[in-house]
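Labels run A, B, C, D, E and F following the written order; every chain starts at residue 1.
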Amino acid sequence: MPYVNIKVTREGVTAEQKSELIEGVTALLQKVLNKNPATTVVVIDEIDTDNWGIAGEQVTLRRNRGE
Amino acid sequence: MPYVNIKVTREGVTAEQKSELIEGVTALLQKVLNKNPATTVVVIDEIDTDNWGIAGEQVTLRRNRGE
Amino acid sequence: MPYVNIKVTREGVTAEQKSELIEGVTALLQKVLNKNPATTVVVIDEIDTDNWGIAGEQVTLRRNRGE
Amino acid sequence: MPYVNIKVTREGVTAEQKSELIEGVTALLQKVLNKNPATTVVVIDEIDTDNWGIAGEQVTLRRNRGE
Amino acid sequence: MPYVNIKVTREGVTAEQKSELIEGVTALLQKVLNKNPATTVVVIDEIDTDNWGIAGEQVTLRRNRGE
Amino acid sequence: MPYVNIKVTREGVTAEQKSELIEGVTALLQKVLNKNPATTVVVIDEIDTDNWGIAGEQVTLRRNRGE
(Lines give C-alpha, C1' and ligand atoms only; values in the text may rest on other atoms or scores of the structure.)
Protein backbone atom coordinates (compact mmCIF):
# COMPACT_ATOMS: atom_id res chain seq x y z
CA MET A 1 0.00 0.00 0.00
CA PRO A 2 2.94 2.43 0.08
CA TYR A 3 2.91 5.50 -2.14
CA VAL A 4 6.22 6.79 -3.46
CA ASN A 5 6.78 10.00 -5.38
CA ILE A 6 10.10 10.50 -7.16
CA LYS A 7 10.92 13.95 -8.49
CA VAL A 8 13.83 14.39 -10.88
CA THR A 9 14.77 17.03 -13.41
CA ARG A 10 13.40 16.51 -16.94
CA GLU A 11 16.62 15.63 -18.70
CA GLY A 12 15.95 12.71 -20.97
CA VAL A 13 14.89 10.00 -18.54
CA THR A 14 13.97 7.00 -20.72
CA ALA A 15 10.96 4.72 -20.35
CA GLU A 16 13.36 1.91 -19.48
CA GLN A 17 14.96 3.95 -16.69
CA LYS A 18 11.52 4.83 -15.29
CA SER A 19 10.69 1.14 -15.33
CA GLU A 20 13.86 0.37 -13.36
CA LEU A 21 13.01 3.01 -10.76
CA ILE A 22 9.48 1.62 -10.33
CA GLU A 23 10.75 -1.93 -10.05
CA GLY A 24 13.57 -1.01 -7.71
CA VAL A 25 11.52 1.05 -5.28
CA THR A 26 8.77 -1.55 -5.14
CA ALA A 27 11.30 -4.30 -4.40
CA LEU A 28 12.97 -2.15 -1.72
CA LEU A 29 9.68 -1.66 0.13
CA GLN A 30 9.02 -5.36 0.01
CA LYS A 31 12.50 -6.19 1.29
CA VAL A 32 12.64 -3.61 4.10
CA LEU A 33 9.01 -3.43 5.25
CA ASN A 34 7.47 -6.55 3.73
CA LYS A 35 5.01 -4.39 1.76
CA ASN A 36 2.87 -6.14 -0.82
CA PRO A 37 4.10 -5.11 -4.31
CA ALA A 38 0.57 -5.50 -5.72
CA THR A 39 -0.60 -2.30 -4.04
CA THR A 40 2.63 -0.26 -4.06
CA VAL A 41 2.16 2.89 -6.14
CA VAL A 42 5.07 4.88 -7.62
CA VAL A 43 4.66 8.23 -9.36
CA ILE A 44 7.59 9.88 -11.15
CA ASP A 45 7.51 13.63 -11.74
CA GLU A 46 9.91 15.14 -14.26
CA ILE A 47 10.52 18.82 -13.54
CA ASP A 48 11.85 21.36 -16.03
CA THR A 49 15.29 22.63 -15.02
CA ASP A 50 13.88 26.18 -14.96
CA ASN A 51 11.45 25.04 -12.26
CA TRP A 52 13.98 23.33 -9.98
CA GLY A 53 16.09 25.38 -7.64
CA ILE A 54 19.03 24.37 -5.50
CA ALA A 55 21.29 26.71 -3.55
CA GLY A 56 19.03 29.58 -4.54
CA GLU A 57 19.42 29.23 -8.29
CA GLN A 58 17.76 27.42 -11.17
CA VAL A 59 19.27 24.11 -12.30
CA THR A 60 19.25 25.57 -15.83
CA LEU A 61 21.97 28.00 -14.82
CA ARG A 62 24.07 25.23 -13.29
CA ARG A 63 23.70 23.15 -16.44
CA ASN A 64 24.75 26.14 -18.54
CA ARG A 65 27.94 26.30 -16.47
CA GLY A 66 28.51 22.61 -17.11
CA GLU A 67 27.65 21.49 -13.59
CA MET B 1 -9.44 25.98 3.49
CA PRO B 2 -8.80 22.33 2.62
CA TYR B 3 -6.30 21.45 -0.10
CA VAL B 4 -6.95 18.37 -2.21
CA ASN B 5 -4.58 16.86 -4.75
CA ILE B 6 -5.93 14.26 -7.16
CA LYS B 7 -3.45 12.27 -9.23
CA VAL B 8 -4.71 10.16 -12.14
CA THR B 9 -3.10 8.75 -15.25
CA ARG B 10 -3.14 11.03 -18.30
CA GLU B 11 -5.62 9.13 -20.43
CA GLY B 12 -8.00 11.63 -21.96
CA VAL B 13 -9.62 13.21 -18.91
CA THR B 14 -11.92 15.91 -20.30
CA ALA B 15 -12.34 19.45 -18.99
CA GLU B 16 -15.90 18.51 -18.05
CA GLN B 17 -14.73 15.52 -16.00
CA LYS B 18 -12.17 17.68 -14.22
CA SER B 19 -14.93 20.12 -13.42
CA GLU B 20 -17.03 17.31 -11.93
CA LEU B 21 -14.12 16.16 -9.76
CA ILE B 22 -13.53 19.70 -8.46
CA GLU B 23 -17.22 20.22 -7.75
CA GLY B 24 -17.64 16.81 -6.16
CA VAL B 25 -14.65 16.98 -3.83
CA THR B 26 -15.51 20.51 -2.73
CA ALA B 27 -19.10 19.47 -1.96
CA LEU B 28 -17.88 16.40 -0.05
CA LEU B 29 -15.67 18.51 2.22
CA GLN B 30 -18.56 20.84 2.92
CA LYS B 31 -20.91 17.97 3.70
CA VAL B 32 -18.54 15.95 5.90
CA LEU B 33 -16.47 18.65 7.62
CA ASN B 34 -18.52 21.80 7.00
CA LYS B 35 -15.58 23.35 5.12
CA ASN B 36 -16.21 26.63 3.34
CA PRO B 37 -16.20 25.95 -0.44
CA ALA B 38 -14.89 29.46 -1.11
CA THR B 39 -11.42 28.55 0.12
CA THR B 40 -11.28 24.87 -0.85
CA VAL B 41 -8.48 24.30 -3.35
CA VAL B 42 -8.33 21.28 -5.67
CA VAL B 43 -5.36 20.47 -7.90
CA ILE B 44 -5.53 17.66 -10.46
CA ASP B 45 -2.29 16.10 -11.72
CA GLU B 46 -2.37 13.98 -14.86
CA ILE B 47 0.55 11.56 -14.95
CA ASP B 48 1.89 9.84 -18.08
CA THR B 49 1.35 6.08 -17.93
CA ASP B 50 5.13 5.61 -18.28
CA ASN B 51 5.56 7.54 -15.03
CA TRP B 52 2.99 5.66 -12.96
CA GLY B 53 3.88 2.32 -11.43
CA ILE B 54 1.70 -0.23 -9.70
CA ALA B 55 2.75 -3.72 -8.66
CA GLY B 56 6.29 -2.91 -9.75
CA GLU B 57 5.52 -2.15 -13.38
CA GLN B 58 4.54 0.81 -15.54
CA VAL B 59 0.86 1.34 -16.28
CA THR B 60 1.85 1.55 -19.94
CA LEU B 61 2.67 -2.16 -19.91
CA ARG B 62 -0.65 -3.01 -18.29
CA ARG B 63 -2.51 -0.94 -20.87
CA ASN B 64 -0.61 -2.73 -23.66
CA ARG B 65 -1.90 -6.01 -22.25
CA GLY B 66 -5.43 -4.61 -22.28
CA GLU B 67 -5.70 -4.17 -18.50
CA MET C 1 -5.28 3.54 -9.37
CA PRO C 2 -5.85 7.20 -8.49
CA TYR C 3 -4.05 8.74 -5.54
CA VAL C 4 -5.81 11.45 -3.58
CA ASN C 5 -4.30 13.56 -0.81
CA ILE C 6 -6.62 15.61 1.38
CA LYS C 7 -5.10 18.21 3.69
CA VAL C 8 -7.24 19.79 6.41
CA THR C 9 -6.46 21.57 9.65
CA ARG C 10 -6.15 19.33 12.72
CA GLU C 11 -9.32 20.36 14.52
CA GLY C 12 -10.99 17.24 15.83
CA VAL C 13 -11.73 15.33 12.63
CA THR C 14 -13.26 12.03 13.80
CA ALA C 15 -12.46 8.54 12.52
CA GLU C 16 -16.02 8.39 11.18
CA GLN C 17 -15.57 11.63 9.21
CA LYS C 18 -12.29 10.37 7.77
CA SER C 19 -14.10 7.22 6.72
CA GLU C 20 -16.77 9.31 4.95
CA LEU C 21 -14.11 11.31 3.10
CA ILE C 22 -12.35 8.14 1.93
CA GLU C 23 -15.62 6.54 0.84
CA GLY C 24 -16.86 9.70 -0.86
CA VAL C 25 -13.72 10.46 -2.84
CA THR C 26 -13.37 6.86 -3.97
CA ALA C 27 -16.98 6.79 -5.15
CA LEU C 28 -16.52 10.13 -6.96
CA LEU C 29 -13.56 8.80 -8.94
CA GLN C 30 -15.51 5.74 -9.91
CA LYS C 31 -18.52 7.81 -10.99
CA VAL C 32 -16.64 10.47 -12.96
CA LEU C 33 -13.68 8.52 -14.40
CA ASN C 34 -14.75 4.90 -13.96
CA LYS C 35 -11.72 4.26 -11.74
CA ASN C 36 -11.54 0.90 -9.96
CA PRO C 37 -12.16 1.50 -6.23
CA ALA C 38 -9.95 -1.49 -5.35
CA THR C 39 -6.78 0.45 -6.21
CA THR C 40 -7.85 3.99 -5.29
CA VAL C 41 -5.63 5.32 -2.50
CA VAL C 42 -6.65 8.22 -0.24
CA VAL C 43 -4.31 9.83 2.29
CA ILE C 44 -5.60 12.43 4.76
CA ASP C 45 -3.13 14.84 6.36
CA GLU C 46 -4.19 16.81 9.42
CA ILE C 47 -2.13 19.98 9.81
CA ASP C 48 -1.70 21.96 13.02
CA THR C 49 -3.32 25.40 12.76
CA ASP C 50 0.08 26.97 13.52
CA ASN C 51 1.42 25.32 10.36
CA TRP C 52 -1.36 26.39 8.00
CA GLY C 53 -1.33 29.86 6.54
CA ILE C 54 -3.96 31.67 4.53
CA ALA C 55 -3.89 35.32 3.55
CA GLY C 56 -0.41 35.59 5.03
CA GLU C 57 -1.32 34.56 8.57
CA GLN C 58 -1.59 31.42 10.66
CA VAL C 59 -5.01 29.80 10.98
CA THR C 60 -4.41 29.82 14.75
CA LEU C 61 -4.73 33.62 14.75
CA ARG C 62 -7.95 33.46 12.75
CA ARG C 63 -9.39 30.90 15.14
CA ASN C 64 -8.43 33.13 18.10
CA ARG C 65 -10.48 35.90 16.50
CA GLY C 66 -13.42 33.51 16.17
CA GLU C 67 -13.11 33.11 12.38
CA MET D 1 17.96 20.95 3.70
CA PRO D 2 14.43 22.35 3.40
CA TYR D 3 12.23 21.30 0.51
CA VAL D 4 9.74 23.81 -0.84
CA ASN D 5 7.06 23.12 -3.44
CA ILE D 6 5.29 26.10 -5.03
CA LYS D 7 2.19 25.44 -7.10
CA VAL D 8 0.78 28.20 -9.31
CA THR D 9 -1.47 28.26 -12.32
CA ARG D 10 0.27 27.97 -15.69
CA GLU D 11 -0.28 31.49 -16.95
CA GLY D 12 2.93 32.71 -18.47
CA VAL D 13 5.34 32.61 -15.54
CA THR D 14 8.71 33.63 -16.98
CA ALA D 15 12.08 32.02 -16.29
CA GLU D 16 13.11 35.23 -14.59
CA GLN D 17 10.10 35.14 -12.26
CA LYS D 18 10.82 31.51 -11.39
CA SER D 19 14.39 32.53 -10.59
CA GLU D 20 13.12 35.26 -8.26
CA LEU D 21 10.84 32.79 -6.45
CA ILE D 22 13.69 30.32 -5.96
CA GLU D 23 16.03 33.03 -4.73
CA GLY D 24 13.42 34.61 -2.48
CA VAL D 25 12.26 31.41 -0.78
CA THR D 26 15.82 30.22 -0.22
CA ALA D 27 16.76 33.56 1.35
CA LEU D 28 13.64 33.50 3.54
CA LEU D 29 14.53 30.08 4.96
CA GLN D 30 18.04 31.26 5.71
CA LYS D 31 16.78 34.42 7.42
CA VAL D 32 14.03 32.81 9.51
CA LEU D 33 15.47 29.37 10.30
CA ASN D 34 19.17 29.78 9.49
CA LYS D 35 18.90 27.02 6.85
CA ASN D 36 21.90 26.47 4.62
CA PRO D 37 21.03 27.70 1.10
CA ALA D 38 23.36 25.10 -0.45
CA THR D 39 20.93 22.27 0.31
CA THR D 40 17.61 24.13 0.03
CA VAL D 41 15.54 22.62 -2.78
CA VAL D 42 12.67 24.48 -4.48
CA VAL D 43 10.33 22.88 -7.01
CA ILE D 44 7.78 24.98 -8.93
CA ASP D 45 4.73 23.25 -10.43
CA GLU D 46 2.70 25.10 -13.05
CA ILE D 47 -0.85 23.76 -13.20
CA ASP D 48 -3.24 24.18 -16.15
CA THR D 49 -6.21 26.36 -15.21
CA ASP D 50 -8.53 23.46 -16.13
CA ASN D 51 -6.84 21.41 -13.42
CA TRP D 52 -7.03 23.97 -10.61
CA GLY D 53 -10.23 24.40 -8.68
CA ILE D 54 -11.21 27.01 -6.15
CA ALA D 55 -14.68 27.50 -4.67
CA GLY D 56 -15.81 24.39 -6.50
CA GLU D 57 -15.04 25.59 -10.01
CA GLN D 58 -12.17 25.56 -12.48
CA VAL D 59 -9.92 28.60 -12.64
CA THR D 60 -10.52 28.56 -16.41
CA LEU D 61 -14.13 29.61 -15.82
CA ARG D 62 -13.09 32.40 -13.51
CA ARG D 63 -10.57 33.67 -16.06
CA ASN D 64 -13.28 33.57 -18.75
CA ARG D 65 -15.37 35.86 -16.56
CA GLY D 66 -12.39 38.21 -16.23
CA GLU D 67 -11.62 37.30 -12.61
CA MET E 1 19.24 16.47 -6.64
CA PRO E 2 16.27 14.11 -6.72
CA TYR E 3 13.55 14.41 -4.11
CA VAL E 4 11.77 11.25 -3.01
CA ASN E 5 8.74 11.06 -0.73
CA ILE E 6 7.78 7.68 0.71
CA LYS E 7 4.40 7.35 2.41
CA VAL E 8 3.65 4.26 4.50
CA THR E 9 1.18 3.49 7.26
CA ARG E 10 2.40 4.22 10.80
CA GLU E 11 2.78 0.68 12.03
CA GLY E 12 6.03 0.45 13.93
CA VAL E 13 8.59 1.32 11.27
CA THR E 14 11.94 1.30 13.09
CA ALA E 15 14.73 3.86 12.76
CA GLU E 16 16.85 1.12 11.25
CA GLN E 17 14.23 0.36 8.59
CA LYS E 18 13.92 4.06 7.73
CA SER E 19 17.69 4.15 7.36
CA GLU E 20 17.55 1.21 4.94
CA LEU E 21 14.86 2.91 2.86
CA ILE E 22 16.88 6.13 2.64
CA GLU E 23 20.05 4.26 1.73
CA GLY E 24 18.28 2.02 -0.78
CA VAL E 25 16.43 4.76 -2.64
CA THR E 26 19.51 6.96 -2.82
CA ALA E 27 21.58 4.07 -4.22
CA LEU E 28 18.83 3.24 -6.75
CA LEU E 29 18.83 6.80 -8.13
CA GLN E 30 22.59 6.72 -8.46
CA LYS E 31 22.52 3.37 -10.23
CA VAL E 32 19.66 4.11 -12.65
CA LEU E 33 20.09 7.83 -13.34
CA ASN E 34 23.61 8.52 -12.10
CA LYS E 35 22.26 11.03 -9.57
CA ASN E 36 24.70 12.41 -7.03
CA PRO E 37 23.86 10.92 -3.61
CA ALA E 38 25.14 14.06 -1.86
CA THR E 39 22.06 16.05 -2.92
CA THR E 40 19.43 13.30 -2.99
CA VAL E 41 16.70 14.07 -0.46
CA VAL E 42 14.35 11.42 0.95
CA VAL E 43 11.36 12.21 3.18
CA ILE E 44 9.37 9.42 4.84
CA ASP E 45 5.80 10.14 5.97
CA GLU E 46 4.13 7.73 8.37
CA ILE E 47 0.35 7.95 8.11
CA ASP E 48 -2.12 6.78 10.78
CA THR E 49 -4.18 3.82 9.56
CA ASP E 50 -7.34 5.89 10.17
CA ASN E 51 -6.04 8.41 7.62
CA TRP E 52 -5.15 5.96 4.86
CA GLY E 53 -7.86 4.63 2.59
CA ILE E 54 -7.74 1.88 0.02
CA ALA E 55 -10.70 0.39 -1.83
CA GLY E 56 -12.91 3.00 -0.19
CA GLU E 57 -12.22 2.04 3.39
CA GLN E 58 -9.78 2.90 6.17
CA VAL E 59 -6.76 0.64 6.63
CA THR E 60 -7.75 0.44 10.31
CA LEU E 61 -10.81 -1.61 9.35
CA ARG E 62 -8.72 -3.94 7.21
CA ARG E 63 -6.25 -4.44 10.04
CA ASN E 64 -9.14 -5.20 12.42
CA ARG E 65 -10.20 -7.96 10.05
CA GLY E 66 -6.65 -9.32 10.10
CA GLU E 67 -5.77 -8.19 6.57
CA MET F 1 -4.46 31.09 -5.29
CA PRO F 2 -0.94 29.65 -5.02
CA TYR F 3 -0.29 26.69 -2.77
CA VAL F 4 3.09 26.42 -1.06
CA ASN F 5 4.35 23.48 0.95
CA ILE F 6 7.46 23.96 3.09
CA LYS F 7 9.11 20.88 4.57
CA VAL F 8 11.76 21.29 7.28
CA THR F 9 13.16 19.01 9.95
CA ARG F 10 11.32 19.05 13.28
CA GLU F 11 13.91 20.81 15.38
CA GLY F 12 12.15 23.37 17.52
CA VAL F 13 10.61 25.67 14.93
CA THR F 14 8.61 28.23 16.94
CA ALA F 15 5.11 29.50 16.20
CA GLU F 16 6.65 32.90 15.57
CA GLN F 17 9.08 31.49 12.99
CA LYS F 18 6.24 29.67 11.24
CA SER F 19 4.34 32.93 11.13
CA GLU F 20 7.34 34.65 9.50
CA LEU F 21 7.60 31.91 6.87
CA ILE F 22 3.90 32.19 6.02
CA GLU F 23 4.07 35.97 5.84
CA GLY F 24 7.28 35.97 3.83
CA VAL F 25 6.22 33.43 1.23
CA THR F 26 2.85 35.09 0.74
CA ALA F 27 4.51 38.48 0.24
CA LEU F 28 7.02 36.98 -2.20
CA LEU F 29 4.26 35.55 -4.40
CA GLN F 30 2.51 38.90 -4.41
CA LYS F 31 5.71 40.75 -5.32
CA VAL F 32 6.92 38.38 -8.05
CA LEU F 33 3.66 37.13 -9.60
CA ASN F 34 1.10 39.63 -8.31
CA LYS F 35 -0.79 36.81 -6.58
CA ASN F 36 -3.65 37.80 -4.27
CA PRO F 37 -2.54 37.13 -0.66
CA ALA F 38 -6.17 36.42 0.35
CA THR F 39 -6.13 33.05 -1.39
CA THR F 40 -2.47 32.08 -0.97
CA VAL F 41 -2.22 28.89 1.09
CA VAL F 42 0.97 27.84 2.92
CA VAL F 43 1.38 24.48 4.66
CA ILE F 44 4.46 23.75 6.79
CA ASP F 45 5.43 20.12 7.43
CA GLU F 46 7.89 19.36 10.23
CA ILE F 47 9.63 16.04 9.63
CA ASP F 48 11.37 13.95 12.30
CA THR F 49 15.13 13.78 11.69
CA ASP F 50 14.84 9.96 11.54
CA ASN F 51 12.50 10.39 8.55
CA TRP F 52 14.64 12.82 6.55
CA GLY F 53 17.51 11.53 4.48
CA ILE F 54 20.23 13.39 2.67
CA ALA F 55 23.30 11.87 1.03
CA GLY F 56 21.88 8.43 1.80
CA GLU F 57 21.73 8.82 5.57
CA GLN F 58 19.31 10.02 8.22
CA VAL F 59 19.64 13.60 9.45
CA THR F 60 19.65 12.16 12.98
CA LEU F 61 23.08 10.66 12.32
CA ARG F 62 24.41 13.95 10.99
CA ARG F 63 23.10 15.79 14.04
CA ASN F 64 24.76 13.20 16.29
CA ARG F 65 28.05 14.05 14.60
CA GLY F 66 27.41 17.73 15.23
CA GLU F 67 26.63 18.59 11.61
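Methods note: contacts are C-beta pairs under 8 Å (C-beta built on N, C-alpha and C of every residue); 3 or more make two chains touch, one makes a residue touch a chain.
Since the structure is predicted, the reported quantities are computational estimates derived from the model, not experimental observations.
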So which chains count as neighbours of both subunit A and subunit E?
C, D
Going by the stated contact rule, which chains contact subunit B and subunit F alike?
C, D
Lowest number of touching-chain links that must be crossed from subunit A to subunit C:
1
Applying the document's contact definition, name the chain pair with more C-beta pairs in contact, A-B or B-C.
B-C
Interface composition of copies subunit D and subunit F: same or different, split at half:
same
Which chain's centre, taken as the mean of its Cα atoms, is farthest from the centre of subunit A?
C
Maximum distance between Cα centroids and subunit E occurs for chain D
Whole-angstrom distance, CA centroid of subunit D to CA centroid of subunit E, is 26
So what's the Cα centroid distance for subunit C and subunit F, whole Å?
20
Subunit B: which residues touch two or more other chains?
1, 3, 7, 21, 25, 39, 41, 43, 52, 54
Inter-chain touch pairs (all):
A-B, A-C, A-D, A-E, B-C, B-D, B-F, C-E, C-F, D-E, D-F, E-F
Mind listing the subunit E positions that touch subunit A in their complex?
1-9, 13, 17, 20-21, 24-25, 28-29, 31-33, 35, 39, 52, 54, 59
Name, in rising order, each residue of subunit F that touches subunit B in their complex.
1, 3, 39, 41, 43
Quick check on the complex: what are the subunit C residues that touch subunit F?
7, 47, 50-58, 60-61
Parts of subunit D lying in touch with subunit A, wherever the complex brings them together
15, 18-19, 21-23, 25-27, 37-46
